[in-house]
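Just so it is clear, A, B, C and D label the chains in written order, and each chain counts residues from 1 on its own.
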Amino acid sequence: MSETALAIALAAFAAGSVSAMAWPSGPGARRVSLASAFVGCVAALALGIDVLQSGISWTWRSGALLQPLGGVSLRVDPLAAFFVSIVGLTGAPASIYALGYLRELDGGVRGRAVHALFNVFLAGMCLVPLADNVATFLFAWEVMALSSYLLVVSDPKQEGAPAAGLWYLVMTHAGFLALLAGFVILAQDGPLEFPAMRAAAGALTPAAQGIVVLLMLAAFGSKAGLVPVHVWLPRAHPAAPSHVSALMSAAMVKLGVYGTIRVLFDLMPPLSPWWGGALLACGVVTALTGVLYSVAEVHLKRVLAYSTVENIGLIFVGPGFALLMRGYGNVVLAAMGLVVALFHTLNHAVFKSLLFLAAGAVVHGARTSSLEAMGGLIKRMPHTAVLCLVGVLALAAVPPLNGFTSEWLTFQLLVAGARYTAPALAIMLPLALAAVALVAGLAAVSAVRLFGIAFLALPRTDGARDAHEAPATMRAAMLLPALACLILGLVPTLALTQLTAVVTELGLPMGQLDTGLALVLPLVGSQLWPVAIAALLAGAGLVAAAVSRTSRGYPVRIDTAWNCGRIAQSPRSEYTAAAFAEPLKRVFTGFYQPTHEVTVDVHPVSPYFVRGITLRSDFAPWMEQTLYVPLVRAARWISNQTGRLHTGSIHLYLALLPAALLALLLIARWIR
Amino acid sequence: MDATFSRLTMTGASAMLLLALVVMWRHHVPAYVTAFRMQSVALAFVGAVVAWLGDVPELFLVAALILGLKGWIVPRILAGMEARRPGERELHPLVNTEMSLLISGGLAVAAYEISRPLAAVVSLPTRGGLPIALALILVSLFIVVSRRRVIAQIVGFLMLENGIALLALLGAYGVPLVVELGVFLDVLLGVLVMQALVPGIEEISAG
Amino acid sequence: MTVIVLAVTQCLFLMIAAPALVGYVRWLKARLQGRRGAGMFQPYRDLRKTLAKGMVIADTASWIFHMAPCVVVASTVAAAALVPVISANQAGDQLGDLFALMALLILGTIFLALGGLDPGTAFGGMGSSREMTVAALTEPTLAIAILSLALTAGSTSLGTITNTLLTTPSNAIGPGHALAFAAFLIAMLAETGRLPVDNPATHLELTMIHEAMILEYSGPYLALLEWAAALKLTLLLTLAANLFVPWGMATSDGAGALAVGLAAVLAKIAVLATLLAVLETRVAKLRLFRVPELLAMSFTLALLAATSSFFTR
Amino acid sequence: MDAVLVVALLAPPLVGAALALLVRRAPQAAAWFNAVTMPVSAAAAAAIALRLAAGGAPVIVGNAWRLDALSALLALLVSVVATLAVWLGPGLDRRGETPGAEIRLHRIYANLFACTMLVAVSTSNLGVMWVAIEATTVTSALLIPVRRTKAALDASWKYLFIGSVGIALAFAGTVLAFVDYATTGGDLELALNWTTLRTAAPSLHPEVAQLAFVFLLVGFGTKAGLAPTHTWLPDAHSEAPAPLSAMMSGVLLAVALYAVARWKAIIDVAIGSAFTDTLLLVVGVATIVVGSASLLSQTQYKRVLAYSSIEHMGLACFGLALGRPGVFAALLHLTGHALAKSTAFLLSGRIYDRYRSGEIGTASGLLGTVPATAVLFAATVFALAGLPPFSLFLSEILIVQAAWRAGHAALTALVLVLILLAFASLVTHLQRVLFGEAGRDVSRGEPASVPLALLALPVALLAWIGVTLPEPLRMLLTHAAEVVRP
């Protein structure tokens, strides 16, 4: 059954990419190729669910493709199935969304290219988790990277898109090369097949193990967006079309998580717990960095991109914790760590795709991507607003939505870890817990700011004032992840029971989970009953609404807001996105390193007549400045130095001949 | 017999190296061309000696070709190139004469060092000239590198070819005839193509 | 069945008692400041009055403005349902734990902030921004305080924590418990918008936090918000009392035990409320940008509490 | 039969050149004839390659011609790229923009050039191979300054002179090896025949063999663009007309490297592979360093392509030193590079025609002006950067794997870093060319679509090889690798 599903999925993606280019009419190409993409995604989802439920894994080999590297080898196991189903789950709404979202590109080749690449991108993402040897993995990995790069630069006229694409492509290729090196070392002298590597990995020396782990973390971390190799992410995600941003954030970066888990927990032998500690620390730092930038950024899609960085950090707490616990011998907690990570992967995939789709609708409707230019969209785009609110609340990790459930699990994980292990972790886990709590709090700030500034109050520009609601297809597409947010929030056991199976397959049995509505975990002394909380919330809220409606003695009067004595309310007096984040920017000055530049425009008659004051405030991208700018500078320096070799003087060139001859003769003598 | 053979080839080879060294302190292009012509004659002489005393009759043909091509046609082409060129005939090498000679001496020593294994393997009576041939190769390379004028460089390059031919003659009584003929063709074509390009190049380096 | 009845009763008790607590604090503050002050039950009268009034809604507001008070009330009530008040056998443990309570409170805060932003006035935005900032910075402290409780109790469930402490009171001896208590109290001040973080009595525009957000609300909505704020204060004080000093709580369903429990909780809340009133008379409001310093201090206390409980274990 | 194959392989370019030389009046007719007959050569090469891939005996004609798997591979590459270059060379466009004399000159020299390369790979005599490679310089150098610009003249001169001096050193190396062979007392007439020399190799004197290889490596390395004697390459490749650049960069470098590989195989038999491997490693890595490090600071797109050729030659040279898997990878790399680089150069000709400028800064906004060319150009650059589905992706992975398995950990790391540097530089330049604003005077739209369709062929071929390396090609590569590393 799942083989058929895979065949259908791949055939659909192939058909989608071909029809996008070949279909005679533009609208037809869009409809047909996106319908194919949708079918493919549903098939991928079916594949994933089927394997997760039945637990049947299978392999498929072809010697004809990629022959020199050992052929194509596919294997679906529960872990792979889970990630394939994430691709399907987020790809399906994105396909529907694109039907309406990209209608205006029907005329040109660009639209067709976007649809074709979208299908290729989906196919690549489906194949990455299924790869069972290095050749297939790397090939699918690069297809995914290249197609998403092309999608990022598919609108090169957009400000910053080429630069974003460049960052992305170079960093992803660096990751690819690290991956290649890691796999080659891991395989030692055996074939580059995962089963063989798994069997032989025990023979690796600890030093080689360390190098492999570092290379793999660099590679998968850069795909996932771990600090400090995250810098491409906040650039590339906003530049892509929104349905692609959604997929990149929801599914593609998750494949970095997949790779990490596959390599660290499946292919490699048990590692020293310190790697776990390092990974945990890395995750926490990533989460903090992501959330702090997401709270201060004013570009809507970049806010979301940084929030992806944040959530990736939270997800990586799981594997880090699991490594740590496995190292300390607590298999159940280790399993729980992975389950929580996978669960948050799912939750984030769902709510972040919802948010990116909503952001696309907003940018599409209001023709701006800056929060500062929005406002009041709730009136012009009521449905999008509701759906976005669901995503925002999930992002803020409040009950009864899915973000809260995984947040709660992460807290429980850290508390349980702190209770069950050696005092060596006495500082580490409490600090991690505190950091995660701070991240949760700041995420709430970011969520309120995002929704409040974009949708509430008065429109700040004409674009926002004349915004139009998204077409029905786009709204329908957003409805699916919104419902998923709610369902996963209310009945988390639905997914969690499957995830325990995934983790058991990795040799980390967690024990049977209670499949009831309440969430009861082993080694955790408390439980959560989301449905009951939701019912309580709904009941109390309805009562409150009824009270406010029935008790009042006078009719409701609509009037202008009190605005400190000013008569006419204007958007200029509204709080801006930058102002909203100002207190936090002050608190975390050391992190943001803000720069302020005040210019006062005075009347020529007297300096006391001030005509205007301009304040430009920005924060220094110090991570880029300290880590990447020197690298670029070094590359340029080296390039200029080697350029000096090419002076154009034929005499110098000729002199190199005898020089090379004598040098090689010397080397020859030395070898002898 | 072998002693004579050895002495004659050594004489020819030494003359060739000497001619390469001689151009170091000459400052006029025609002198370069003349040196090359004489060197080619010396090469032809060595070829003839090897053909005669080494009993390789087809080398007479090679020697004749050397004499005709490198001793007559190529020098004429070079002289023609130089004659057509306006302006001064003086050469200003990148490395001055004293230094050039010192470096050439060093290269000759290096050639002896490099060719030691060769001398140890080859048992022909002509083997004594092998270091000289290698020295000629290195010195010609140095001429190519250090002379500023294009024609001087071409002469250096041709001397390099002579050096290699000498190496082949002394080391193995010449390479197979088909290869030898191919080499001659290449030299001729190469010089012709260079001749086509040189005026433009001289213009560029002058301007 | 009795458990559920008890739980509902406890929750109702908190809901009903909340205005009285606020009234008590106000009265005591007035007395301490040398004024006569309104009676302890004045808030009930205020609520009745505002509930019966009409509403003026800003023409710029959307449905979020209407939704916010209801969600604030709902989340606070839901949080109150988790709190053990009289009996240590807590039915709310089925629903969730301290982390869930924290998240419910944040839900309320979020909607309060959205409600503040909705009319588009400068004050609403300012209040929302500050409220969210303070709430975010309070989270780590609360989390660590919860951790230090959980480390000894083995659970983050409120009932379990109180029960464990009741059965093994020796857990409360040592620096960890006291430090965590102190940290929790400071965090609570920030959460409920009391001095020195926010002045609940002020309407001085530039220092407002909570009041700035609800500036546009009137009539029944204002009543709901005021009542929810009172409930939040009450439930957090109860929480502080019962989590850290659970003695006196009923461990059985007997009427006597329950009566003792009720008396005990009233006494404990009264003590804490008195302390609060004294504190609010003694200290001045901090500048907004010094609030993080205060929270950092409470965070450090909590962290010390958590780590010390590792070493005393 | 063998003779027919060899004639079919070598005759078309020779006839093409002769026809262009003789038919002075109608250069276009000669060009068309050339375009029609050139595929015969490619077909002959393919037939030879197929036979050898199937494990057949080498194609041997007397003592003169001998094509084993290695030769067949190179002959195939040369003839395919030459066919492509012939098809896209001047004289076939309807508008007749190119002056007749230029067409004639181009047809004469380009055909001779292709012919010399084919001779170099199909002769059995290593001396003749040298002669042919030397002749490639002569035949191609005159075509570079066909437009008589100063820069082109200068580039042509440097190419000719440095190439000639360098290749002379290779002759010195050939003579040294010959002298060495002569001391073993074998038959001197057939001495430079590959089979003879290879059979006699075990009795060669080790130190002389080493000496010879050093000369050969420097000499052929100069033609192959190996550091540090690659200096002529960026000028020559960027100044030559596009079809010539395509042949020079795509296959001439490979032919020179073929010569190195041939000699390496003989010297290895004499003294074991450690010596040649070490030298090739040193030179290869130095070449990759020079190639990839210079890429970033370039300002002309053809120079970017030229430096990328240096980098790829370095990788191939590096691969040759890594045992049989490495040789396989290197040959696959050369195959991919031949297709990708020649197509890229041919496309760069189209770009130049549109913008009349070689500067990256001027020739920007390609996607807006010539979208289809832009897409193909991007595809070839991605192929050169080692991205899938193109075959260089495979060969780069194989080279890295072979390097690690050969035990060169530090060099592997260095090469990976350099590959990244080259990648980043290529993509940086590519983006500037593709995006950005075109000047206002640049007209929009593709000129003619037929040549473009022709250029899509090699790109498709690259992808096909990259995804499913066809079995005959794989066998051919395997056998060819066995020639170098038995």
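Here, a residue touches a chain if its C-beta (ideal position, glycine included) is under 8 Å from a C-beta of that chain, and two chains touch if they have at least 3 such contacts.
Predicted model, so just to flag it, every value in this text is computed and none were measured.
*Asks:* Is the number of contacting C-beta pairs greater for A-D or for B-D?
*Replies:* Contact tally favours A-D.
*Asks:* Distance from the CA centroid of chain A to that of chain D, rounded to the nearest Å?
*Replies:* 43
*Asks:* Report the inter-centroid distance (CA atoms only) between chain B and chain C in whole Å.
*Replies:* Inter-chain centre distance comes to 101 Å.
*Asks:* So the centre of each chain is just the mean of its C-alpha atoms; given that, what is the distance between chain B and chain D in Å?
*Replies:* 31
*Asks:* At what distance in angstrom does the C-alpha mean of chain C lie from that of chain A?
*Replies:* 35
*Asks:* What are the residues of chain B that contact at least two other chains?
*Replies:* 114, 141, 144, 153
*Asks:* Pull out every residue in chain A that's touching 2 or more other chains.
*Replies:* As it turns out, chain A has residues touching two or more other chains at 654, 657, 661, 665.
*Asks:* Residue numbers in chain C touching 2 or more other chains?
*Replies:* Residues of chain C touching two or more partner chains: there are none.
*Asks:* Where do chains touch, given as pairs?
*Replies:* Going through each pair of chains, those in contact are A-B, A-C, A-D, B-D.
*Asks:* Could you please specify the touching residues of chain A with respect to chain C in the complex?
*Replies:* Those residues of chain A that touch chain C are 375-376, 378-379, 393, 396-399, 404, 407-408, 411-412, 414-415, 418-419, 423, 426-427, 430-431, 433-438, 440-442, 444-445, 447-449, 451-453, 455-458, 518, 524-529, 532-533, 536-542, 544-545, 547-549, 551-564, 569, 571, 573-575, 579-584, 586-587.
*Asks:* Which chain A residues qualify as touching chain D in the complex?
*Replies:* Within the complex, chain A touches chain D at residues 64-69, 109, 135, 138-139, 142-143, 146, 153, 156, 162, 165-166, 169-170, 173-174, 177-178, 180-181, 184-185, 189, 192, 635-636, 638-643, 645-646, 648, 650, 652-654, 656-657, 659-661, 664-665, 667-668, 671-672.
*Asks:* Can you name the residues of chain D that touch chain B in the complex?
*Replies:* By the definition above, chain D touches chain B via 125, 127-128, 130-132, 134-135, 137-138, 141-142, 145, 148, 150, 153-154, 156-157, 160-161, 164-165, 168-169, 171-172, 174-176, 178-183, 188-192, 205, 207-208, 211.
*Asks:* Can you tell me which positions in chain D touch chain A when the two form their complex?
*Replies:* Where chain D meets chain A, its residues are 154, 157-158, 161-162, 165-166, 169, 207, 210-211, 213-215, 217-218, 221-222, 228-229, 231-232, 234-235, 274-275, 278-279, 282-283, 289-290, 293-297, 328-329, 332, 367, 371, 382, 385, 387-389, 393-394, 397-398, 400-401, 404-405, 412-413, 416, 419-421, 423-425, 427-428, 431, 434-436, 467-469, 471, 474.
*Asks:* Report the residues of chain B in contact with chain A in the complex, numbered from low to high.
*Replies:* So the residues of chain B touching chain A come out as 94, 110, 114, 138, 141-142, 144-146, 148, 153.
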